[in-house]
Each structure stands twice: as C-alpha cells, then as structure tokens.
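Pasting the structures in now, so scroll down.
In the two complexes below, subunit A is the common chain; its partner is subunit B in one and subunit C in the other.
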Partner chain A sequence: MPDTQALVNDFLNKLKKRKIEGSQATAKQTAELLRSVISQTRMPYTNQAAALIHSVKAVGERLIAANPVGCMHVMAELAVGNVVRRVLHIIREEDLSLTTAAMAGLNLSAESDDEDDTDRDNHPALSAAAIAAASRSTLRPPSLQTLLEDVPDSAAVPHTSSSGGDSEGKSKSADKSSRSRKLKHDVIEAVNELIQDISTCHELIAEQAVEHIHQNEVILTLGSSRTVLEFLCAAKEKKRSFRVFVAEGAPRYQGHLLAKELVTRGLQTTLITDSAVFAMISRVNMVIVGAHAVMANGGVIAPVGLNMVALAAQKHAVPFVVLAGSHKLCPLYPHHPEVLLNELRSPSELLDFGEFSDCLDFGSGIGAPLLHVVNPTFDYVPPKLVSLFITDTGGHNPSYMYRLIADYYSADDLVLERRTTSGN
Partner chain B sequence: MGAQKKGATARVSEDPEELARHPLQAILLADSFTTKFRPITLERPKVLLPLVNIPMINYTLAWLESAGVEEVFVFCCAHSKQVIDYLESSEWSSQPNFSVTTIESHNSISAGDALRLIYERNVIHGDFVLISGDTVSNMSLTQALQEHKDRRKKDANAIMTMVVKQSKPSPITQQSRLGTDELFMAINPVTKQLLYYEDKAEYSKGFISLDKTLIADNPSVILHNDKQDCYIDICSQEVLSLFTDNFDYQHLRRHFVKGLLVDDIMGYKIFTHEIHSSYAARIDNFRSYDTISKDIIQRWTYPFVPDVLCGSSAIKVERQGTYRASDVTLSRSAQLGSFTFIGQGTKIGNDTKISHSVIGERCTIGSNVTIEGSYIWNNVTIEDGCQLRNAIVCDGVILKSGAVLQPGVILSFKVVVGQEFVVPAYSKVSLLQQPTQQDSDEELEYADSTSGTGELRSDKLNGDIAPDLSETASELGTGGVGYIWTVFEGAYDEEWRHSVAPIPTDKLVKLMLDKDEDEELLTQDGNVISASRELKADSDGNGSEDDDNEDSRDDYVSFEKEVEATFLRAVHENVKVDLAVLEVNALR
Partner chain C sequence: MWWRSASFILDRQQEQNTSFPPNPESLLLSSPPPSMADSLQNPKPDISAYYQTRAAHHAVVTSDWLAQAQAAVSLQTNDDVSSGSDGRVALTGGGTGVDNKTFSVIDEFNSWRKQPDLAEAVAAIRALAAVIRASQATTMMELEIELKKASDSLKAWDATSISLTAGCDLFMRYVTRTSALEYEDFNSARYRLIERAEKFGEISYKARRIIAMLSQDFIFDGCTILVHGFSRVVLEVLKTAAQNKKHFRVFCTEGRPDRTGLRLSNELAKLDVPVKLLIDSAVAYTMDEVDMVLVGADGVVESGGIINMMGTYQIALVSHSMNKPVYVAAESYKFARLYPLDQKDMGPALRTIDFGVPIPSKVEVEKSARDYTPPQYLTLLFTDLGVLTPSVVSDELIQLYL
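== the complex of A and B ==
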C-alpha cells in the first residue's frame, strides 16, 4: 500500500512540523488518516475484520512509535492512541453486528435466503442466545481461537445454503462480496461519524453551557483551552451575564491569550496570577477548566497548576468542572507507564539563559550545576477533586467515566503500545 | 570583482520569487578542521562522537529538520567514510521532505576549502544555513531568516546573518563555560550590523582597538563582551563566491568575517541576530563538550533531549534529572546521583556511586566504583574499586580493578588501564602514538588535514603496535595498553582551560586577579573602548583621514611612513579630503 505509506509519512511530517495544533485537530486528522487506510485495505475473503484491524493497528503502531519530536508529544500520543483505539473498536462493533446479521440470515435461510442485508436491522427479534453466541465468537478476533473458528463458520455458510437447495456457487460469492463491501462500507460510515463527532465536540459541549452557568456567577479558569473559550462564549450568547477570572498559567502564560480572547468577545474578565488562586477562590462560584486527557478512573491529565486549583476549590467547596471532548477519554489508568511520564520542558521558559549562565557554570567550583530548573507540563488531578465532567454526550460523574470508556473502546485494544514495543 | 558584483545585483532583482521557489538549504560541515578532540578524532570523526549517548550530528540534523530546512549538504572530510556510512544507515536517509546529501573530499584542510568545493558543485541556489556538525540548538529560524531576507531586499550587500546569544558577562564565564576565548563584538544597536569581531583578544595588553571610522560612520556602537557566537550563520549565495574569490580564506571567523569587516571596497555587511529564550552552542573543545552535555541533561535544548530524540519508550527521565534506559541492571546498593544518564544494557554493581555523569550502552561497571562528572561511552568495562573524576572514556576501554583516573583524563578507544594504576591529571591516552611534529595549535589547524595525516599515521602505527605492546605495558600499569601523549611545552598552560575537569582553584584565583587588573584598566577610560595608539593620534588629527588597523601595525612600519608622507603631501598640496582617503586606501 504505497499510498497509505505516503499518507502516514505526510501526517507524521505535519505532526513534527507542528502544522497540526491541538488535540482536536490531531484526533480529527488521525481519524481521517485511518479512514483512508481502511478504504485502501484490500479485503481478503475470510476474516475481514482481522485484516482491517491488522492494517489499522499497523498504522497506529507507526503513529505512536514515531513519537513526533517537537509537538507536545505525550499529548499528541494520547490523542492519536485514543483515536486508533476508537477506530479499532468501530471495526469490531461493525463486524459483530454483521456477523449477528449473518447468523440471523443463517437461521432464517430456509425462509429468506436473499435478504441477508436487510435482516441486520431486525436482529433484536432473534433469539438472544444466538446473538450471544455470535458476539462471543467475534469479540476476540486476533486470538488463535477465532482464527480457527472463523474457517468452519464461513465454510458452513455455503454448506447450509446448498442444503437449502439453491445455486450454491453463485450465492456463495454474492454473499461474500456483499458482506465484504458491507463491512468496509459500514466501518467507513462509522469512522465518518467519529470524525463528525470530533469536529463538533466544541459545539456539543458549549450547548450545555446555559445549564451550568447562571446569572451573575463568577467562573475561574486556568491557562487556555479552546473548549473552555467556546463554552463561556456560548453562555454569553445566551444573554447570561457573568464574570471570568483567568489564572495566567505560568510559565507559558496562555491565560493571557484567553483573557484577550474573552475580552474581544465582550466578557467581563479578570486576570490573576496562579499564586492568587487560593485568595480568590472564595469569591468563585465554579471552576471550569479544559484537560489534556481524562483517564479511565476519572482522573485528569491537565496543564500544570490545575491540581492546586482543584485543591483550593475543594477547600472552599466550589464545583470543579472539567470539559473534555470524547476523543480525550483515554482507556488507560494513570499508573500506566505511558502516562506516568510527565513532559519536562526547557528551563528557558522560566528563566533567561543569558542572565543565569553564571549559575550554570560547570568549569568552576565542584564542576556540577547547583541550580536545577524543573518545568513539568502536566498535573494529575485525582478523580475525587473533580465534581463533574462535561463531554459532548452530556455531564458525567467521575465515577461514571469507566462506563463511558467501555462504550468507546474494546478491552482488546488497550495494550496497543505494549504490543508495539515487544513486537519491535 | 566588478562583474561578480553585477551578477549579485542582477540576482537580487529577481530575488523575491527566487527565494520563494527554492527550498531552504543548509551546509553542514562534518569536520571542524581542528585538532582539539585528539586523540579521539584520530579514530572517529568528531561529529559522530556521542553527546549524551547520541552522536552529535543527530542533534544538528534534528534541529535543521525542525527548523524547516529541506535540503542538507553534509561536507565530510576526515573519516568521511564513517560519516557517510553512518548517515546511510541512520533514519536521516529516509526522511520525507528532508534530504541529506553527502559531499566527500579528501584534500580539504579548512572550512574555506570546503565552501570552495561546494561552490564548484553548484548545488546551493539561494540563502542557506551554514553550520558545523557539532552545534546544538533549538532556536527557530523563521524570524532570523525573515530578517535576513528583508535586509537583502533593501541592501544587496547584507550577505550574512550571524546568530549570537547573550551569556552573562561575569569575568570568567566565557572561559569557564565553553572554554573559548573571550569574544568582543561591536554591534550597531539599531541596524544590528556587526562592525567588529575579535575572538583572540590579548589580555596581556589589556586593550582592544577599534577602527576610527567605525565610530565616525555609526551614530551608536555597542561593544559587547557578553555575546556568545553560536556558529550558526544564515548566508546568501555570495558567501560561497567570496570564498572562491579570496582563495586564502580558511577559517570562517578569523579570515572570512574579519576579512569582510576590514574590506571596505566591496562593502559587504554582516548582521547579527540575537536569540533570547532558545539555546544554541557549539562544541569546540572538551570543556564545551562537558558544559553542553550538562545543558542537554538539564533540558535547555528541549525538545532535543535524549528521552525525546530516542523515542519515549526507550529512555525515561526520573526525579532529580536522572535519565535511565528501560533495561539497566542496577544493584540495589548502587547510588545514582542527580543529572546522570544510564544507557541501555548497562550493568552497575554494588555500592557504586555515580553522579553528574553519562554512561553509555552495554557498559559493565563493577562494585565500589566512584564515577563523578565523567563521560563513559559504549561497551566500557570498569572493574571493582575504580575511581573516575571528570574523565572521558571512549568505546571499548577496560579499566582494571583499582584504577584511578584523575580529573581531565581522556582515554581513547580500546585503551586498557592496568590494575591500581593512577592516570595523571589531564593526560590523553590512545592506542595510537602521538603525532611527532611539534606544531603549535595554530599551524596544525591549517597545515595539517586531520584526515590525511591522521589516517596515514594510524596505518603506519597499526603495524607497530604489536611489538610495542611490551613497552607500553609499563606506561599504563601491568596489563595496560596505550600510549600516554606528552603535552607540548606551550600547550601545557592551556590544558586546564579546555579540559572536561573544572578549573583548578589556583587557576581560578589567578584568572580573577588578572581580570580585576584588566577591569581597572578598562574603567579608567570611561567608555569601555580603551584608546589605542592610533586612536589617540587620530583624535587630535582632523578625523576624516586614514587610520590603519591595529593588526597590521608591526609589519607595516614602512606603510605608516608612506601614509604619513601622503598625509603631509595632502595637507601641503591642499588635496580634497575624499581624494586623500582614496589615496591612502589605495596604499593598503
């Protein structure tokens, strides 16, 4: 697949050159890339889902292993990984529903042999046992057992139909090709929906703003997040009048940008230093922040400084609300080694090298630096400090996150990176 | 010359389109044309030496790629085959939108030769970045490039932009940080034009001299001694042709930059671009190797730090700035201090203490070993009870039990140090014998190609090593293999300055004292520029007349007489000032 290779390389290049900014854009483009990978995958006659999963996984592994230098790589890695897992889950789901339909067709073949495709929608009418059996066999495609099981399964189809007395060769090939086209088609449809979801997540989250922000409230936020900006502006458009405190978010001071943006949209804004958060929190009605990732236990990987804000909010019983698009839901737990890794950035964001170069003088004294500058990018906010998550599907309690994640991801795909490292 | 100038202006007229069309190119000199890293560079080119466990050239290439350069020409001279083989087997040969082309030469002995050869190849079609393969940076080129292009549009003579960085002007910082000589630059604060560049300022004299016209022509001049030259230049095509026109230009700074600054016939100008928050530095000697390694470990070069460059899974940063690969075998009782890097597959024994050091891949380190501030490359075996302080230990070295390396020791490839042997401070040990010619540092740089003589000698030596082994055994203790290089008489003074070891306290005190004296001298003058003889003589003359530059003073006594005569004649015959200037200039 030379075309796919070129696409993957192009995408990686874009990531490296920082042409893709933000996790939403990263997620969206990853999904689009995977969509074209799927559409270019040649479908074998048997075990199509496994073939699709294989090609998506291969690309996913490359994306994650490439580890784009220069972007905020942990964040990009999480967003890319999440989308890869989502797409894998979609393939599994579609395969499951198709197999269920095929099983249904199998059971009903005596009556209506040629209505395989339309039966799919009717499957609730089938016996629950048949669906359960089908789902059990399709839920673990990469395992050896499934590979073995799949062969008799597909062999059984023509066999039964031949016993039904139809022209066996024709029905076999027709069934195959329609099913293969169907699976691919369905998967691409579903990935399109995912892309749609990702691109509209800001609006979907912002729609809920009026339910949460009330008249004359004071909202506190830290740093800058596009989701938060849209959320606040949506409330403003609905004629809510409220005030926003923006903590500047040292050392990158993205809060300054957010404050500027809010003011141009006509919101009453107050800029404070990060260290003033505790002093101001008693006047605040609600803290609303963005996140880099939401973990499976409801913990949040967020810009540095947010743990402190969350603790201050808890002390004064101020609701701490986290906004996150569903592509930010990560099926990993925070103790997972991939996540534990914080990203330490350059000390030059904190101090000027020229001014401090005499402190970094290794030639004199003991020959070792006495000054050590630590500049982490992320904070981990434990789930007990979060009052509410607002995602594009609505508001959720932190303890409910695992349930959402189970809806979006298959358990089989959680260890995507592990397989990569052992495979290489 | 005139024709060439015309060509230049003709090119400028179509410049905007041309610049837009061409991909950004870079020339990477994979040879420093110096001998400061000997004896290591006799066996491996400098750009492939590991810097925090990654070959130096990778930092430079990674930066060029991220800065938007699309085409890199790597000029290899010494050990060119090793460089080419490395690049071909590395990931750089297969990057999309980033091509790395090697240009090989065996007879180039300087950067000047290299650029002349590249000019002959005719591969550079527009502005290019000139960098050497031992430069670490994370600056963004966009702004510097834009400034360069804007200036070019206004003035076709602005052919080069030099990147500089502020470094704290403490008395000894420059020397103790990067081990380079103190650098003086005069810069016009408004236009950022570089007016004066002197990196060999002589402290013994306690003054530097500036051209009088420099102050006359520029409304304001700031003389900096707190700027660090990053050795990253954005050049226009003319730079290459200038090197070809002036075939005696060898050194980029000493000849080319100074030559342009002195030359007022062509009127070419050099500008500076100062970087503030980003990092850039060049590894010039062992001291800067040490300093830049520590800067990398402290993450000043982010994102070009080991854990990001190697991929996130291979190396992790732990607390206190410790970098550890995933499969290190570490004894429970071993103590890893702060700012330490441990590479893959390394085994560390009981009660071993390691701090501020870089340990490469697949090393075996025994028990009760102390390692401080040292750089240990790959496949090194260190037996029990060894002590290493501020040393560089190359690939394949074996330290027998109880060996001690005093500060500043360099052990080149595959040296074996015998049991309980103490390698004295600042010694350089190699399997290859020291080149016998007693060149001063200066001459070596030009007269001796690192590749030619180096390889020649090593060939000759390989035959000799076997019979000599019994003799050298005594030189490095029982069972030791290698030659301890003797230090040149004149160079002995410099050893501590360029070594990896911190400057000894007594030298430090002496330096400070020297500095204090200098400072007194300088402050007497109000403005930092201390007046030289010429300047004083001029200041009571009528000002617009000549002044010859300081460097040529000794050689040109007769020239001065000539000038004096011309000057007198000009006054007597009432010649116009312009004509007199022309006449005096013609005397040069």
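== the complex of A and C ==
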C-alpha cells in the first residue's frame, strides 16, 4: 500500500510540525486518513474484520508514537488516539451487525468472537490492560449479566473454533466475498458519518445554547475556543441579550481574538486579565469554557488557567460548564495529568528573548541559567469542579461520562501502544 | 438528633403502650407468623458467621489466638451439628421420593466456606450446585422452586454476609433469566447449570487477576499505599505490582480485633515489599505520607458505597479531608442490592472482641464488625468490569435486575 504509506507520512509530518491546530481539525484529518487506509486495505476471504482492524491499528500506533510531545506515554493530541479507537469500534460493530444479519438465528456471536481471538493471537504483545480486555468477551461491555455466561467459552478454545471458521469460510467463499465487500462498504459509510459528526459538532452543541443562557446573564470564559464562540453566538442569534467576560488567557492571549470576534457579532463583551477572574466571578452567572479532552472519570484537560477559574467558580457556587464534542471524549484515566498529559511550550511566549538573554545565559557561574521558564499548555480540572458537560448528544453530568465512553469505544482498543508495557 | 424529635418520642410511647398490655388482638397483629425462616435461623444470631469465618481465615496466629481458635473449632462443630439439625431441608421431590435422604444446603455451604482460598460467593454458588445435583426435580419449574427455597434458607442463615446474598442472587438470576436454558431439554439444562456453577470458582479467580491488571496503571513508582485489613484482591493487586518491578511501599493498619493487617504485612514481607505497620489509630497521623488508599470490600452497595471491615469509613474520611484518592478493589459479584442510608441502616454484624482484660458487665462494647463508606469518599472502584466511578455500580445493578 504505497499510497497510504505516503499519506500517513505526510500526516505525521504535519502533526510533528504542528501544522494542524486544534483537536477538531486533527480528529477530522485522522478520520479521513483512516478512511483511505480502510479503502485501500486488501480484504482476505476470511477474517475481514481482523484484517481491517490490523491495518487500522498499525497506522494508529504510528500516529500515536510519532506524537509531538516528549513523554512517550500519553499523547498530547489525544484526539488522534480517540479517533483511531472510534474507527476500530466502528469496524467491530459493523462486523457484528453483518454476521448477525447474514445468518440470523445461528450461533454467530461465537464467530465474531473467534475472529477477534485470532486477531489477538497476531498481537501477543499483551499489555496489562490488553490481557484484561482479552479475557472479557468482544463487543459487549463486560457486565454482571454476562458474568456467569460466556467468559470461559470464548477464551478457552480459540484455536479450534478459528480453524472451524476457516473451513466454513472456504465452503461459503462466494457468500463471504460479497460479505467482505459489504463490510468494507459499511465501515467506510460509518466512518463518513463519524467525519460528518466531527465537523458538525459545533452546530449541535450551539443548538443547545438557548436552554442554558438566559436573559441578562453574565457569562465568563477564558481564552478562545471555537465551540464557545459558536455557542455564544447561537444564543445571541436567538435574541438573548447577555454580557460576556473574557479572560485574556495568557500567555497566548487568545482571549483578545475571542473578544474581537464577539464584538463583531454584536455581543456585549468585557475583557479582563486572568488574574482578575476571582475579583469578577461574584458577578458571573455561569462559566462556559471549551476543553482539550475529557477523560474517562469526567476530568477535563483544558487550556492552562482553567483550574483556577473552576476553583473560583466553585467558591462562589457558579456553574462551571464545559463544551466538548464527542471526539474529545477519551477512554483513558488521567494518571499524573499535570505532567503526562501536558505540553511545555516555548518560553518565547512569556519573555522577549532580547531583554532576558543575560539571565538565560548557560555560560554564567554554575553552568545552568538562573532563570527558568515553565510554560505549560494544559490544566487538569478534576470532575468534582465541573457542573455540566454539553456534548453534541446533550448535557451530561461528569459521573455520566463513562456511559458515553462505553457507547463509543470497545474495551479491546483502550491500549493502542504496545511498548508502554516494556517501558514501565 | 432524630431520637429527640417529637414524632419519634410519640411513636416510641405508642410502641410501649401497645406492647405492654398483652392484648391478644394486637399480639396477633404485631408478632410475625412463625415461619420456616425462624427455624432456619443461625443458632447464634448475635454473632456474624461471616466475620467469624473471615477472622478464622485471615487473622494472625499467635499462641493465645491458637488456644482461642481451638475453642472456637469445637464450638464451630457444635454449631454445625445444631445448625444442621435445624436447617435440614427436605429436598426430595414431592411424591416420587425414592430415597428419603435429606440434604442440607447450609452444611454444604459451611464445608465450602471453611476453605480459606475460596471466596464466599463461590462457596454459595457451589452449595446451590450441590442442591441441583441432589435434587430429584423433573421440570425446570420444580428445580427453580427448590433452588429458591435453598437460597432463601442460605440467605436467612447468615444475613450478615453480603457476598453470600449477592452470590445467591446472581445464580438465581442466571437460572431464571438465561435464554440459553430455554431451548434445552431439562437434563442438559441441569447439566449446564451445574457446570457453570463449578466454573464460578475459576471466574472468581480470573476476576481477581483482571482487577490486578487494571489497577497497575494507578500504582506509580515511588508511591506509598495505605491498606486496611486483609483482602485477597488487594493482596493480588500488590503482588502483581511487585512482580512488575514497581517500587512502592505499603502501610498496613493492624486491623483490630482480628489483626488481619498483620497477616497482610507478613504476606507482603515475603514478596520483599517495604511494609510499615500502623496501629489503627495512626491513620490520620501518617496520612500526609500516603499517596493513595487501597481497600477491599465485603460488599459494594447500590449507591456505589462499600461495606467493609470496621475502620474503612474512618480512613476514607481522613483521606478525603487530606485530598488523597481512595481506591476500592472488589469483584463484581460483590455488588449487592442494598441501599444503606447510614451506618445503622443495615442489620448489625456483631463479633466478639477480646480486650485482653476483663470488661465489667456494666460497660457496653461496640461489637459491630463492619461499617458503610458512602460513595462521595471513594475515588474509583477497580472491578473485573473495568475501572468504575461509584455511580456506575447502580447502573450495573439496574441492568442486571431490570
């Protein structure tokens, strides 16, 4: 597949050079890339789903491994991993619905199981969570209901059942080849839907604006987020009149751009410094912010400064509302979010180098500069500080995030990188 | 104070009034009809059998403890004999009774329960499997009724054991609701049930492994973990972490009165994990050194809170006030349909406490063996269904019993 390789390399280059900004663009382009990978994957007669999963996983691993961030463990651009997992889930789901539809009534869940078993055999890499996932059944999330039922059956005899699947495949090869084309077609269709969802998530979220913003309210936000901009403008278009306080969001000062944009759309806007948030919060009715990623426990990875805003909001019992498209839902738990999920940017955003170059001189005294500049990009906001998430499917409580995640991802795909186990 | 409220005082007065005169009519209304359950009661209802077994399995052997244990063993056998004669249920099929052999689930359960490496729910399900094997029912309906009777008598025998109740409920649900059983003839269905029940031990072991795997990401190098009492799952988690070459140290509470924490510290020392023993009251003192609290659970209730050995609530409160995460490791078959509102909401599970010195009879002793930790003090639950927030538990339970 030379074409896809070229595409993947191209995309990787763009990621590394940060030519793609923002999680929505990244998510969308990842999905488009994976779509072309899928369409160019050659389908074998048997185990089509496994082949698709294999090629998508291979590309996904490369994308994640080549992440711009220094720490190898978790990617800063979580959206890439999320989309890869979503696509894998789509393949599994389409395969299951096809097998059940094709031979309704026969024992088909067994077949889809063994396809995944062989898939697992191809990857003996077995990280901790992968083993955990492998010992549970395929698409159905594990539950108390199935505790007594199938678990040992599917895990006990993968080899015999998969060879049985092969012979069956030969006998029905004509039927199967039509099925394979159908599978690919269905998967591409579903990925198209996913791309559609990613590009329309702003509108879906903005539609809900009037339910949350009321007449004469004061809204506070920090930095700039396109979702927030659309959300506020949607409320304005529905003839709500309200005021917006924009904290400027140092050191990138994207709040300035947002304030400008809001004013051109005719909204009453007040620009404040980040350090004035606590002073102003008592006048605010609601804090509305965007997010970089939403973790499985309902915690938020958000632009730096938002944890402070969330704490201020909690102190004054102001609702803290986070807007996030469903591609930002990440099925991982934050371990050390301050360090691992963060990205340290260039000091030039804080300081003018010419003025401070003396302080940063490596040649002076002890061989290290006396002045250090730390410029983290993200904050971790714990779930208890968030009042409400607004996603394209509606408003949700932080403790409900796990349910959305269970809908979008399958347990087998949670761990995509294999090297992390040996690294740990 | 609710017991000082007017309505409560009025209620209590009324209660005393009605119970005082031996009015035959009110007696008839108030006293419950004598039922089977009464005859099947645990002969020593004031002592929780569950916690007695736990103590027997996990407490530390000292010389005076050994003496006590021997005394307890002789007591136990007496118990078994008496409970056997009390709890004997005739499980022969109605008229067809070829041999009138009686079979007691409770005996069966107790014999399984004596094995220290067997979880309580596994023992319960094995005992129910034995009921199926001994049963002479010829239809599914009959079998279900017999099983229902057996599981009810088991539950009534030891109401303090949440795993026992949860295990019985889980198996009964499997028997009544599984669609796979519907299309089979009776014998194969029966065979299938027995086979699944035997496999449950394996499932329980596998659950423990899954939990250990899932929780590895949460144990980071250089962390200090506070554990309370002895729990097989917690031990498995720590063992796996040690095998994965993680560097961590463990603070073990003593776990009075069984001193089960000593047992855990012994096991960890064998694995070369640095351990420090604390007396139960030193938890707050050491909490600033602790990075996370890891406890097991006797039962996980519908609110997402846990019921566990006495002292867990206290530890959770301390770590909450010091902003430390509290993780619970529990197998999903410990999820129980209970919704306690406060500590005294559940039936008391009492146990004997040895203070070493004679206690005057006027002094009251708090003998409860367990407490309830509300969900707001728990961070995450590690279960074989995945890493869950407390609110997921009720979701799972609702799906199961819908």
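The rule is simple: the second predicted complex is superposed on the first by the 321 of 424 C-alpha atoms of A that agree within 3 Å, B and C clash if a C-alpha of one lies under 4 Å from a C-alpha of the other, contacts with A are read in each partner's own complex, and residues count from 1 in each chain.
As a convention for this text, a residue touches a chain if its C-beta (ideal position, glycine included) is under 8 Å from a C-beta of that chain, and two chains touch if they have at least 3 such contacts.
If you're wondering where the values come from, they're calculated on a predicted model, not measured in any experiment.
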Could you say whether A:Phe353 touches subunit B, subunit C, both of them, or neither, answering first, second, both or neither? first
Touching A:Ser241, do we find subunit B (first), subunit C (second), both, or neither? neither
State whether subunit B or subunit C is in contact with more residues of subunit A in the superposed arrangement. B
Which of subunit B and subunit C A:Ala368 touches, first, second, both or neither: first
Which of subunit B and subunit C A:Ala411 touches, first, second, both or neither: second
Should A:Asn9 be classified as contacting the first partner (subunit B), the second (subunit C), both, or neither? first
Quick check on the superposed pair: does A:Arg403 touch subunit B, subunit C, both, or neither? Answer first, second, both or neither. second
Kindly classify A:Asn192 by the partners it touches after superposition: subunit B alone (first), subunit C alone (second), both, or neither? neither
Just subunit B (first), just subunit C (second), both, or neither: which does A:Asn297 touch? second
Common interface positions of subunit A, toward subunit B and toward subunit C: none
Residue ranges of subunit A touching subunit B (in the complex, touch as defined): 9-10, 13, 16-17, 65, 67, 69-70, 73-74, 77, 338, 341, 344-349, 352-358, 360-369, 372-373, 375, 417, 421
Residue set of subunit A touching subunit C in the complex reads 128-129, 131-132, 135-136, 141-145, 147-149, 151-152, 296-298, 333, 335-336, 399-400, 402-403, 411, 424
Subunit A contact footprint on subunit B (complex, rising order): 62, 65-66, 68, 96-97, 138, 165-168, 170, 172-173, 175-177, 179, 226, 276-279, 287, 290-291, 294-295, 298-304, 308-309, 311-313, 316-317, 320-321, 338-339, 355-356, 372-373, 390, 501-503, 508
Per the contact definition, I'd like the list of subunit C residues that touch subunit A in the complex. 170-171, 174, 178, 180, 196, 199-200, 202-203, 206, 209-210, 213-214, 216-218, 220, 244, 332-333, 335, 380, 384-392, 395-397, 399-400
